[in-house]
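In the two complexes below, subunit A is the common chain; its partner is subunit B in one and subunit C in the other.
Let's turn to the complex of A and B:
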């Protein structure tokens, strides 16, 4: 087990009460596995990722749980130790590559910077010039690997001279530079068009295979998750409500919310059926219903649903948080 | 990680460095080209360079020692007027000091004061503004209130007060002007940092394990450098006027020293029969500050993309 998150809780304290952005999330991640974290906007997917890096923005704070990684709890590490691990052991890719890259630095230099932060080429026998040379070679190699054409020229270009897809490749190159154990991808393809999206996903899959790097992919697009991930966890209102192998979830969704999500994906076929959106809206995170959080929108609601639902283990890694399954 | 395949050889690396050098050159040429299309800015730059040249070459080009007294030649008019001597191009003052030499020597003092005060102000203001905007909290509250407090005093009155307390002199003058001068940069940097801080590249740098200090000064600072440079340039002109005002009031640099402000003040007593003393010193101030402001506005039009987009 590479990463084990147990009962992670990240709350935002506001003047109107505490918002439970991440409310008892438990995830397990094997070496080299790709896990998809799916859910609609505001369900706490991104906050889960940021919590893993302990980068929750103010006024949010991790109030409970544990994140076991490499034989230690990340939540117990000092902030200095944590800084050292970010980027080296856990790297993150953000949604919008345009703003992720610093506009005033050359792309190559930004990739090199990540090597510099973690002293990748800091053997004492190297002079500064030799170190620089090594770092540059590594950057060129990374740019080649992430499919940036003619990296020698591209090294000296600025982010605005890159297209969106190329920018995301550069961001991935930065994330890869220190060969992290886990790659956290926060909607890496949302800002890109579909063809580029496919290319970036291909690239990440190739990297996953060649480096054996585990990936947690956060997306609101079930299609992307189905294409790319081995396992999927569906989130709703800060909780994981269903988890299992991708094929099983897609073919046989158990939780009414997952079923609803799959029904609301448009298909490109003649005589397409009308889309059936999930009725109602996401509940106010400030006062969630006391029982099952999906209760107000659920077609199968019964009396038991008014009590909090436990995660039910159906075997074979299939977990679901719904009273309909024993 | 340790075995990196060497895919580039030495010649390629040399090409890198050459390319980098060429890119730097191109950037500079592009800047000059843009400035050429901005006539006011270009004029400002040329006049400013002329003044800088004078300030640097000062001891080599002055015809007389600027503090040398020629009592026999006092209050002589400029050379082209009746009674003027050709060796005193712009005439002499009441002690017979050569006005032309004194104006040249004054250039150095004015520019030095301007550059020094703004330089120190930038260092203090940027550092504090960066810390304040980045960390917020108590530090920010204290610094921002203190800045507001300083801003509530009018510039000149504050400077007069400070000079009256600590006494005249070059070092004290620099101190008095920087004491309030950093506030402008503090507020500028603080505001820019507040907006830059929310951008994703800062979060990405954090996720990469970059330290707070490096994020502040290596990631954010280069992004707000243009604004600092523009404000700095415009401030130099303002500081020169402040220096001249204080010297005029007798609180800055004292008379025999060749400061433009004190020269205007001395000439005031002889304005009716020796108008040239105040006039030429005043013109020098006008010309230098005008050049700096024109250049500063040119810089702003070129460097500040927000302003460029409006045009």
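Let's turn to the complex of A and C:
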């Protein structure tokens, strides 16, 4: 197991109370696999990823759990050790490439910066000039690999001279630069045109194959997850409510929420043409129902749902948090 | 920015400077009080003949538009005229006073920036902390407190009570300084005169703080708010996610962006340091342009006032141009 997250809790302390953005999330990630983390916006996907990097923004904080990686708990590392691991062992790409690159630095330099931070070419026998040359060559190579055309010229351009898709490629090049073991991708295609989306997802799949880099792909689109991920974890109001192999989840969704999500995607289930959105709205994380958080929107709710529901292990990596399964 | 664009900007600025010249010309002449009367009043008993001579010599007997014509003709030749009261060419008087003003402006700018930029950054990074609240409260006073009031308070504390800093002038009478450029700091360094350098620095401190304080207050507030804005951006999170230390995230990635709006304000404020220093120069008896123009307004020395105002107009235009050029360097999205 490459990464094992146990009972991760990330809360925001606000004047109106404590928001449990990540409320006991447990996920496992195997070497080289793509795991999809799916859920409606506001359910805590981004905060889960940021927690893995220990970059939760103020006033949020990780209040519990463990993140086991390479034989240690990331939450127990000193902030210095953690800084050194970011970008080198775990890299992240973001939702909106337009705002992820720093507007005042040349794109090539922003890629080179991560090589410099982690001393990728820092053998003492190299002079600064030689080192710079090697770093630049590597940047050009990364730009080629991520499909940025004429990288020699584009190295010296600024982010605003790139299209959205090209910017996201540059961000991926940054993430790729230090060959991290895990790539955290937070809705990497949400802000892009549909045609570009497919290109970026294909690029990520290719990188996943050729580098054997594990990916956690966060998306609100179950269709995207179904296409690219080996396993899927469905998140609702800060909790994982169902987990399993992609095929099984798509063919036989267990949790009413997962079923609802599937029904609201037109093209995945062609023999069931009726498009039915989930009734009700995403719950307010400040006022969650005490029992199953999906209860107010659930068609199958019974008395026992008013109590908190544990995750049920159905074997073969299939997990579901619902009273209907024993 | 290419040379052609810069040249274009300078050409555009010329009508502005001339326009300001005409306005100040008219304002001076429409202000009650006649320069000849004032001068003669100070001189005591004078004959009607003398008054007539002076009036004629200064073209004050001619209609306004003819006078304006003379003024513009001289201006085109680069001639700012001769001071009524001092009898010397205006340009000589300005050249004599300009180094004092520039030296003070430089001192004030250094004080303001060294104080304001770090405070703005720290206040934003530690938003709502004690440092943030305290410095923003002080900045608030810095913006609304009259300059002469701050100057007098500083004088009271550091000169009268503690007796450590001088209250007027640029250098102590006891120190001899051979003047090369008119910039006393530079002159003392060139001539290796360390006593003079010390004295000059001591004389600079209080006026610099007084003049620079409002600028520091404004720049700190602007820096803080643009820093807060920048820190919300994804690229700051990205910089951290790359593995950059927090210090580099703030100083390299965030500050570079936060400086973009701040530079505009700094440019305008530096214009203010050069053109808005009459009060400070008067309070500290600083022999610069500000005091020169104040005194010449009192005696209606038209050419001198006009000359100094032209210099002010020129400085403002130049400061703006420098800011625009600088802007293209720090903001890659802009190319004028």
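The rule is short, and it goes like this: the second predicted complex is superposed on the first by the 317 of 326 C-alpha atoms of A that agree within 3 Å, B and C clash if a C-alpha of one lies under 4 Å from a C-alpha of the other, contacts with A are read in each partner's own complex, and residues count from 1 in each chain.
We adopt the following convention: a residue touches a chain if its C-beta (ideal position, glycine included) is under 8 Å from a C-beta of that chain, and two chains touch if they have at least 3 such contacts.
Small disclaimer: the values here were computed from a predicted structure and weren't measured.
Trainee: Check subunit A with both subunit B and subunit C modelled on it and let me know: fit or clash.
Mentor: Aligned on subunit A, subunit C clashes with subunit B.
Trainee: Figure out whether A:134 sits in contact with subunit B (first) or subunit C (second), or with both, or with neither.
Mentor: After superposing on A, A:134 lies in contact with subunit B but is clear of subunit C.
Trainee: Could you say whether A:255 touches subunit B, subunit C, both of them, or neither, answering first, second, both or neither?
Mentor: neither
Trainee: In the superposed arrangement, does A:118 touch subunit B (first), subunit C (second), both or neither?
Mentor: both
Trainee: Scan A:96 for contacts with subunit B and subunit C and give back first, second, both or neither.
Mentor: After superposing on A, A:96 lies in contact with both subunit B and subunit C.
Trainee: Which partner does A:45 contact after superposing on A: first (subunit B), second (subunit C), both, neither?
Mentor: It touches nothing on subunit B or subunit C.
Trainee: Identify the partner contact of A:156: answer first if only subunit B is touched, second if only subunit C is, both if each is, neither if none is.
Mentor: first
Trainee: So, does A:239 touch the first partner subunit B, the second partner subunit C, both, or neither?
Mentor: neither
Trainee: If you tally the residues of subunit A touched by each partner, is the higher count for subunit B or for subunit C?
Mentor: Of subunit B and subunit C, the partner in contact with more residues of subunit A is B.
Trainee: Identify the partner contact of A:321: answer first if only subunit B is touched, second if only subunit C is, both if each is, neither if none is.
Mentor: In the superposed model, A:321 contacts neither subunit B nor subunit C.
Trainee: Using the touch definition from the top, say if A:88 reaches subunit B (first), subunit C (second), both or neither.
Mentor: both
Trainee: Going by the overlay, flag which of 25-33, 187-195 or 277-285 in subunit C ends up clashing with subunit B.
Mentor: In the superposed model, subunit C runs into subunit B at 277-285.
Trainee: Using the superposition described at the top, list the residues of subunit A that contact subunit B and also contact subunit C.
Mentor: Comparing the two interfaces on subunit A, one with subunit B and one with subunit C, the shared residues are 53, 55, 83-88, 91-92, 94-96, 99-105, 113-114, 117-118, 171, 174, 178.
Trainee: Quick one: in the complex, what on subunit A touches subunit B?
Mentor: So the residues of subunit A in touch with subunit B come to 53, 55, 83-88, 91-92, 94-96, 99-105, 113-114, 117-118, 120, 133-134, 136-138, 140-141, 144, 152, 155-156, 171, 174, 178-179, 184.
Trainee: Enumerate the contact residues on subunit B facing subunit A in the complex.
Mentor: 1, 4-8, 12-13, 15-16, 19-20, 23, 199-201, 203-211, 214, 219, 222-223, 225
Trainee: Show me the residue ranges of subunit A that touch subunit C in the complex, using the header's touch definition.
Mentor: Residue positions touching the partner: 50, 53, 55, 57, 83-88, 91-92, 94-96, 99-105, 113-114, 117-118, 158, 160, 171, 174, 178.
Trainee: Please give the residue numbers of subunit C that touch subunit A in the complex, ascending.
Mentor: 233-235, 237-246, 253, 256-257, 260, 330-333
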